[in-house]
Structures are given as C-alpha cells and as structure tokens.
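For reference, the structures are reproduced in the following blocks.
Shared chain: chain A. Partners: chain B in the first complex, chain C in the second.
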Partner chain A sequence: MADKKVSKKDIAKLLKEWSQQFAVLAPSKESGVAAFAEWDGKDTGFLDWYRNTVIPPKASFLPPMEEMFRFRKGKEGYNIEPPPNDENKRLIFGIRPCDARAMSILDMTFKQALEDPYYLSKRKNAVLVGLGCTNPYESCFCTSMGTGPTESADVDIMLIDIGDDFLIEEVTDKGKELIAKTKDLKEAAKDDGAKAEQAKKTAYDKVTRKLDTEGIKDKLLASFDDEEYWEKVAAKCISCGICTLLCPTCYCFDINDEMVKQEGTRFRSWDSCGFPNYTKMPMENPRQEKWRRVRQKVCHKYEFYPMTYDVIACTGCGRCIRLCPVNWDITQVIESVPDKTGAKK
Partner chain B sequence: MEQKLRQEAKALLEQNKVDWIIGFEPGSLKFTATPLITRDKNDTERLIINPFMVNNLADFLTGIEGRVGIVAKGCDSRSIVSLIQDNKLIRENVVILAVPCPGLIDLAKIERLVGKDRDELDDITREGDKVVVTVDGKKKEFSTTQTLFDHCLACELPTPQEYDILLGEPRPPAPELEVSGQNIAELKETPPAERWEFWKNEFSRCIRCYACRNACPACFCQRCFVEETEPQWVMPVPRWQDNLIFQIVRNIHVAGRCTDCGECERVCPVNIPLRSLAREMYSIVDELFQFKSGMDKEALPLMAHYEQEEAEDLFR
Partner chain C sequence: MTVADSKFFAQGNVYVPHIAVIEKIVEETPGVRTYHFNFKDERLRKEFIFESGQFGQYSVLGTGEATFCISSSPTRPDHLEFTVQKVGKVTNALNRLGVGAEIGFRGPYGNSFPLDFLKGKNLVFVGGGIGLAPLRSLIWNIIDNRDIYNKVDIVYGARTPADLCFKYDLEAWDKDKTVNMVTTVDREAEGWKGKIGVVPKILEEVAPPAKDTAAIVCGPPIMIRFTFPVLEKLGFKAEQMLTTLEKKMKCGIGKCGRCNIGNLYVCRDGPVFSYAQIKDFVSSEY
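Our next item is the complex of A and B:
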C-alpha cells in the first residue's frame, strides 16, 4: 500500500474538501477556551498553538447540556416529543490519541452497558482524524495508560508530523474509504516512513510523567476501607467538578425537567461524583463526606471500570492535573495507594 | 522565612496548640505550590513560601474540625477575619502564621507575555521589583505590574493585620488600582447592549463546575441556592442565562464578604473574567457603606446586621 501524505499548508484545502460531506470540528479558541468547534472554513492557526483542548472532544457526543425531549400536558396525560436523532456526520480533526482512547472507553458505557441513542446517533457517523502529539504537556502520562502520543488504535485516520507534511495512516475501513475518496493527497516519499518512526520515538520520549498501574485494581479493592488514607488524599480537594466534568472518560449526567405552565423540556447535563449533592436520594447523599466522593472518583476509574470492562478509565490526558485549582494529582494518589493485598490473602 | 515557618508549625503541633497545620508544599507541576493540610509534625518539613502559593487557604477553615495553624498571606488573613466577623470561625481556634506577601505571579499573564505555556518555561524568579522568566535558556525581564495577578496589584493588605506569628518583615501596601482595574473600567465604558453581549458570550462557556464557588472562602453556605429544588431558583444546567443568574446571585451573596482575593477568576477552567464582577461589587460595597471586608475582626458583618436608623420603612 502506497502511503499518502498531506502538506501542512494544504490542511485548509483538505478540511474544505471534507466539509463538503462532514461537519468538520477542529481545535479552536474562538469561544474563549480551547475546544473542538465547527471549523470556520479558513483558520488553520491551531496547528501552531494546539497541544490539547481544555474541553474534551466528548463534548461533541455528550454535550454539557442537551435536550432529551419536550413534553406537553394533554387531556390524556403527557405528549412526549423527542428531538430528531442527531445523525450529523461529524469529522473531528486533530483529536489526540488520549482523547480518542477516551472515546473508545465511552463507547463501552454507551454501547455495551446500555444503548444510549443520544450518544450513539452522533457517534456512529463520526470520523476521528487523529493528530500525533509533538509537544506533550508535563502533566501528560498517556504512555503509562495503554496509549501514547502517536498511537493510532482509536482513530480512523492518523496524521503524523514529519516536518512540512503529515504522513497519513489509514487505520479503519471508514478511514481508508475516506482517504481513497480524498483528492489532492501526495504520495509519501521513500524515507517518510522512517521520518514518521523517528517522530514517534521523539514524541514518546517527551512524555516524562510515568505511572505504575500494576495491580492497582486489587490494591484499591484491599484499601477501600482505609478511611485514614482516603481522608488524607481528599484533604485539599475543594469538591469542584473540574477534574470530572473535563475528564474525557467521565460520563455521569444529571436529568432535570423545566416546566412552564403545561409545557416542558427534559434536559440532561454533565454531573460529577465530586459534588456533595450528586446521587442525592430522597433521604440523603450516601457519600456525604468528601473522602468518600474522592474515593469514588479514583476507584471508578482504576477499580470498578477495570472490573466491568477490563480497562482503566483514564487515558493519561492530564487535564485533571493541569486544571485542578489545588494541584490534586491523580498520579501521586495512585502511586500512594497502600498495598494491602498481601494482608487480605 | 521558610525555616522559621517550619519550626513554628512543628512547635505548634508538638505543643498541642493546634490540631492541624494548613500551609503550602511544592506542587507536582512547574511553578506550583499545593495546599498541605496535616496533623503530622513531620510533614511541616515540606512547608514552603514562594510566589506561586496562589490558593486562599481560608477556604479550608469552614470544613475542618479542631484548632488550626494556618499560613496566611494578607488576602487569606482578610478572609479569615471575614469568617470571624460572620461567626463562622472562633478566633481562638486559629493560629495565624502571617506571611508578608510581595504579590503572586500570574502564570496566565506570563504565558501571554512570552507566547509559551507554563510548562515550556525553564524558570521564573522574582528579583526585587522584577520578574525574570527564562525561556529556551534566555532571560527576559518583566515588571511586577506586568506579571502579578490583577487582584495582587490591587492589594490593600500584603501583610496580615490580624496574626499570631509574623514571618519576615511587614510590607506596606502599594496598590496599582488603575492597572488592576483596567478591564473593569473598559467594560464599564461599553454601552449596556454590548456589555450584555459580552457577558452572554462569557457565560455561554460556563460548565457549572462550581470551582468559583468552592474556592471562595466567602461562599460558606452549607447548601447553595443552586442546589435548592423547592423552589428551584435556577436550573442546574449550563445554559448561559442560568449560568449568569448563578454568578450574579453568588456575587450578591458574598457582597460585604468578598475580599477581592481573585480565586474565583483564577480557578475558572474556561477563563471567565469573574473578578470583574467580584471587584466591582467590592467597590460598590466600599462606596455605599464604607466597608471593607476582613479588615477588622470586631466589625459587624455588613449584610448580617442592621441598625434601626438605617432601616427602611419596611423594618420600622
């Protein structure tokens, strides 16, 4: 198979072409914060500033807020009007491998556990075009989490920076099909493959934060009741929702109705297990103390998710570390979990 | 100063004068300090003082039981005093370890000045009234006016007035109100319709993480109005109108308590200029009532008391 490549200065042309059949989403700061937004048809400035977005790409599939249905009180009860399925063909251009991995993890929840039509309708027609990292953050630890800065496993098409061009890796059938139909791509030169290998190695070496997750599921299980440990870990947490809402794998949502007179709307919106009123029952919140909520967050990602899906629900994107108001660092927490697995046996 | 702090903090725990020490230890990222909350005297060895200790530690006081020895910059001390004014904290239960603060370095400003992210910088040091940033091995000098947080430039109390142990030489206040209030002044000059559009845009990206509320020492309600369901004052969904109402009501609730510590804006992950609202409310409170929160622990809380002569007809 002859590899293709695209020149960096032709990215606008490429995105224009793809815009014919897709809603192209690309990194943008237009809203005031780095996020994936509908590409404006010209700007490729993100190629210079983009390391990763603050708002994870999950927002395009599980938006911060979405309408589930409208309802009207009639004579015979309620009439329910669901919105039409959002089956827009989205192309996420420039998704990072950590965030693409996170999409695969979200798929498990929304596809395997239960089919969620809101998520799946958006997801099924989406194409993920990955962009390999050249400048990971100091908070990134993807190489410890089953992915890496140029890993292509979770995207349809992967672009690797080889200087003036991106070398194109066609990963899935969906990706191959799109590349086959795309005009004006260049044939890769003989030494481009070697250049890409070198770029991958350089990027990999730049991810310096490491996390040893060996046996973490069992360690957490054995330390679940270690209140003293969890209280210590939770002490500086202020119970805001940054680390969870902006986590690319966190999917919890809240459901609320808004009703005026006889009509209303049911919304779902991002929720966080860090919030004191999360899972508030008719009685009370079973996780009133902060340490129980912090424990829930850590264990959900590193213990419960592996128990259900055999995968840790953390991809090392580092957002929770970068954005935390108190510098609560998940890698330090995971490394400090006491090993009580021997004692249990 | 650090050595003295460690000795004092250790002694407080050893002599059983406090149950907890709250201070800062080195953070896990470049140019960060992170809150250290401990009852272990050995941990006091890790206490530090540097220009990156950005958190307002008073925020932790309402969530902790027992006597606390707390490291306090001027702004933290004002929040502590404000909590005492509101009867949320008993003076005898805190030992204030006062740090005269030369102002904290705003990494977002540095990033804009040098065009690089914080983790791409080699070093940032404070040298007198200059801040020296080393990028790619080259040194660049900036003034404190360019590099300190806006709320630090507006600081009226770098050295705590209320304290038990003073670490280092007191620093006199030298507020640079014009620079620190520049964006607020510009906003106030824009026509209302335009300003409305501005805030609509800003609040459109709020994700309701409540970091602004949770980092705010003055936001001490055990149950916030946004979590009330009967009646439901505001929808808990991140719709811009609801986001705006949330923030406006929050600002009204902390009027007379807010000390302009700037935490609301610093912690916002989506860059909403929240200090513009907080500072404007601070100025309005000062103008209307000649009241500055957290300056005098004997002063009655502005919004939690009234005197007969100031009462409106409704109350007479």
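Our next item is the complex of A and C:
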C-alpha cells in the first residue's frame, strides 16, 4: 500500500474531519503556557511556534486535579457516587516522540497490580498522532533515552515534516484504521520516502546533548548511601517541584477531601517527591532533608523504575532542564554519579 | 494473595471505599484506640477475607483517608479491627466518632505474613508500642492454629506501663502455657513487675536461638533499627527476620508514589518484608 501524506495547509481540514469522531487536542497557548487543549476548530498556527508544550500531554490523562467521586451524608448514612468512566475518544495531535514514550512508561504504573480506572478509561480510547521534531531544544537528549525526534514506536500515527507536506506513517492498527477512514489524503510521491529519511537524519543530528546511561542503575545503587554526593547534587535545588510536576513520566498524586455541609468530593492532584510534606507522617518524615528528596527523584527515574519495569523513566524531553529556576541539570547529575560498583559487595 | 481481590471493589472502582460501621471502641492507652467495625453491605460482611499483615485505607469522609493494618485475626472473622494513635488529621477525626458512626474502607491491600514459611518454625515476636497491632493479628492467627507452629516467644515493650497496648491480649498470652510472654517498659515504674529496659536490650537477654526460628519485628522505626543488629548477633540471617513497615500512603495500590523504600512500594510489595529485601535502603530511608 502506498504511503499517504497531508499538505500542511490542509491540517485544519484534517483536524476538522477527525473532530467528527474525536475530541481533538492540539498544542495551544490559550491558558498562558503551551499545553494540549481542545482544538478550536480553525487555528493551526501551532505548526509554526510549537517546539514542545510546557505542560506535558500526561495532563490529558492524569489531570492536575481530578474528581474521584462525590459523597453525601444523609439520614441513612453516606452515599458515594463515582463519576462514570471518562471514555471520551481523545486524539492528541502533535505529541512529540519523547512525550509519547512517556505515555507508554506511565501506562506501566497505571496498569500494574490493580488498574487505575480514571487514567486507563481515558487512555484506552485515545489516539496519539505524533509530530516529528524539526527544531529540538538544546536541553533535549531523547536520542540517548531510547527514543528520538522522529521515533514512531509509541504513537499510533506519525507525521514527518517533508517540506510542504507531512508524510504519514501508520504505526498501530488503531492508526491504520483511522488513516484508512480519513478522506482527502494525498498519495505520497516516489521521492517522499527519501525526503522523510533525510528529515529524520537532520532532526537526529540536531539533538546534540548526549547522556551515557550505561550501568547507571548499579552505580546509583552503590552510591545510595553517599550522603556527601547527594548533598552536593541537591545544594541548589529549591524544592519547587517543577521538574517533577512537569515531567511527562512523573505520576505521583495526592488524594484529598472537600466537604461543605453534607456534600463532599474526593479528588486527586499532582504531587511531587520534591515537597517535604510528600512523605510526612504525623510522627516522622523519612525524607525531611532536601538531599533525600532529590535522591529519590533521581533514583526513582534511573534506578527504581529500571529495577521494576526494566526501563528508565526519563525520555530526554529536557523539560526539567529548561524549566528549572536554578539550572539544575539531570544530565550533569547522572554523569557525575560516582562509580562505586566495584567497591560494594 | 498479594493484592486486593477485585471482587472487593466498591462499585467497580478500586478507589471507592465500602461503607463500614463502627461497632465498638476500645481505649488501649491515652491516645490509642482499637475500633471494631463491620461492613454495611451484608454480602461483603460474609464474603470479605484477608490475611494477617494486610492493611486497609480507612476514610472519614470529608476529612480524608489514612492507612492502617487490620489488627484482628482472620481466624476470628465476625468483625474487623484496626488500632490507631490519635496523631494526624484522619486519626483525630476518627477520635471524634462514636459507636454507630460510618467510615469508609478499601482493601485488603498489600502482602501478608508468609504462613507457609513460618509453619513448623519457632517464632519470636518483637513489638514496641502500637507496633503490636499487625503482630497481634498474626499472634492470634497462630494461637488459633497452635499445633502447626513450634515455640512462640513474644517480647513486647512500651515506654511506660500505661503505654502498653492490648493489655487484655498480653494477659491472655501470659496465661497461655504455649507462649513465652515477656513484657517490658523503658524505665522503672511503680507497681511494675515485668522487665525494665528497651525492647532490643530485653530481646538480647531473652536470647532466642536462631536455629529454625523466624523473628517478626514491628515497632517504631528506632526500635526496628536497633532490633535487627541484635538479631544478627543472635545468629539470625536476614531472611529469617521479618518486619512490617509503615509509610505515608495515599492510594494503597502502588500508584501515588510516596511509600517506596528503594524500588519497593510498601503498599504493593509489602508491608511485610524480610530484612534481606530492604537492607540496602533501610539504613537511610527508614
């Protein structure tokens, strides 16, 4: 079957068509920062300004704040009403490969043991349409983290910029079905494949930041008790939590209740291992000191997640580097972990 | 069983608690209470099962949710119990509730004490303060199946005689000829006839032989930290030392992130661990 392509000037038409059966989410600056938001039905200006969103696409599946259920206290006691599962069909248009990989990483946590109904009901009906990067940031290091600026492994459909058009790669069955049903796509020309290969190579070459993660899991394990090292790593951190809240693979959440008179809501909200209250119990706090919290953040991504799921929970999106107010840099940290693997049993 | 059985989900959603009713409240010490409760739903009351060591997420709706182990034994299933100290938001709200009040319960969560491993062994229980709560579930479980276990020693202590929890159980175990019950308090107190000294020190005096023995330890972190070296000195291997840990939890099912010790989530991989499993991290994370 011949490949399809879509002209850049026809993207609005394409999204309109997809809007018939999906809630289409596309990059938007409507809220003040770049984030995926319901597409407004016309604007494709993001094709010009969009490099990556500040708020990662996980927010469409694990919202910053989400109602879990409502309850009411009546004469017969409490009555609890969970909301119906949100099975809206979402189409995320323009997700970057790093963030798509992050979704695959998040899936592991929400699927394991007992399934999380809020996340998975949204996720299972979602279509991810990836958009290959042409202009990665200096802080990006995706090519060192098992993905890359045009990698299609974690999306359903991938679009590669070949000039006036996007060449369409149909990745999953879900993606193939959608493309088969989509009208008005153009047949790719003979040399479009070669153009896409060239575009990919150019994009890969633009990701200049590299990170060597060879043996990192064992190195971190051997250096876990190196307080001096962690103190040094944590020195400038101000515990603002941005690197975790806006990390596309971070999933930690808090659960709280609100109740007015006889009616209440239980909701969950993003939380961060960078906050001292995160692990605080009434009588003690195992991570009262900042260095313990920074260690947790680093080790969770590069040591504990690999121990559990055999994958590093970092995709090199670079947000934690770009958005850190004190220029804390995960790649510098990972590169400076002392190698004590030979010293410890 | 390592995770809750999905048939115990309320309304098909793992995060929705079942409504339960408080049937009895026992004042253990000033500030520590044991709540007896039962599910409102009759079917669940009959079908609910759990194992010693498992925990639940308890709600005071409108205030929030907190994590406590089930302190009663599955061998005595006519009601469930949990024991808490009034120290935080939820436990203070619980303290304001009376018999007949409704609470929320999700669970049972987490793994349990490995009965197959304990079978036929000598057992040494080492408990401090309210840390007896999870051990108590197992101790009654063992007493109710006494012939499949060997010798049982219980070393339990609290700061003062008034801080000893489950005094009615301590008395019963003291009278039980098949159990060696040693009770201690940190400092001398008027009228106190038991041992004097902190739990790890008394454990060293009792000196249970390590051969064919398992030690089950629960108490404040400081007690746990000082107990493991004593057991090591007595010849216990890391695999023979079990503990059950407590951490701040929100979800109880390995998703909200905060209860980890290294790569292990206390809610998902525990709360029962052997010292062998956690020794790489426990020194600096617990």
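The rule we apply is simple: the second predicted complex is superposed on the first by the 341 of 345 C-alpha atoms of A that agree within 3 Å, B and C clash if a C-alpha of one lies under 4 Å from a C-alpha of the other, contacts with A are read in each partner's own complex, and residues count from 1 in each chain.
The rule we apply is simple: a contact is a pair of C-beta atoms (placed from the backbone, for glycine too) under 8 Å apart; a residue touches a chain by one contact, two chains touch by 3 or more.
None of these values were measured; they are calculated from a predicted model.
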item	value
Superposed partners chain B and chain C on chain A - clash or fit	fit
Contacts of A:291 with chain B and chain C, given as first, second, both or neither	neither
Chain B versus chain C as contact partner of A:321, first or second or both or neither	first
Arrangement angle, chain B at one end, chain C at the other, chain A at the vertex (C-alpha, nearest 10°)	90
Chain B versus chain C as contact partner of A:256, first or second or both or neither	both
Touched partner set for A:39, first chain B, second chain C, both or neither	neither
Which superposed partner A:302 touches (first chain B, second chain C, both, neither)	neither
Which superposed partner A:69 touches (first chain B, second chain C, both, neither)	second
First, second, both or neither for A:54, with chain B first and chain C second	first
Superposition-derived minimum Cα distance between chain C and chain B (Å)	7
Touching both chain C and chain B, counted on chain A across the two superposed complexes	254, 256, 258
Chain A partner contacts - residues on chain B that touch it in the complex	27-30, 32-38, 55, 59-60, 63, 117, 119-120, 201-202, 204-205, 207-211, 213-215, 227, 235-239, 263, 266-267, 269-272
Chain B-facing residues of chain A, complex	31-33, 35, 51, 54-55, 64-65, 135, 137-139, 235-236, 238-242, 245-246, 254, 256, 258, 267, 269-270, 272, 275, 277, 290, 321-323, 325-329, 331-332
Touching residues on chain A, where the partner in the complex is chain C	68-69, 71, 73, 77-78, 80, 82, 109-110, 112-118, 221, 224-225, 227, 251-259, 264, 266, 268, 271, 273, 278-284, 286-287, 292, 296, 299-300, 303-304, 307-308
Chain A partner contacts - residues on chain C that touch it in the complex	2-4, 6, 10-17, 19, 40, 59, 61-65, 87-88, 91, 102, 104, 220-221, 246-248, 250-251, 253-258, 260, 262-263, 268, 280-281, 283-286
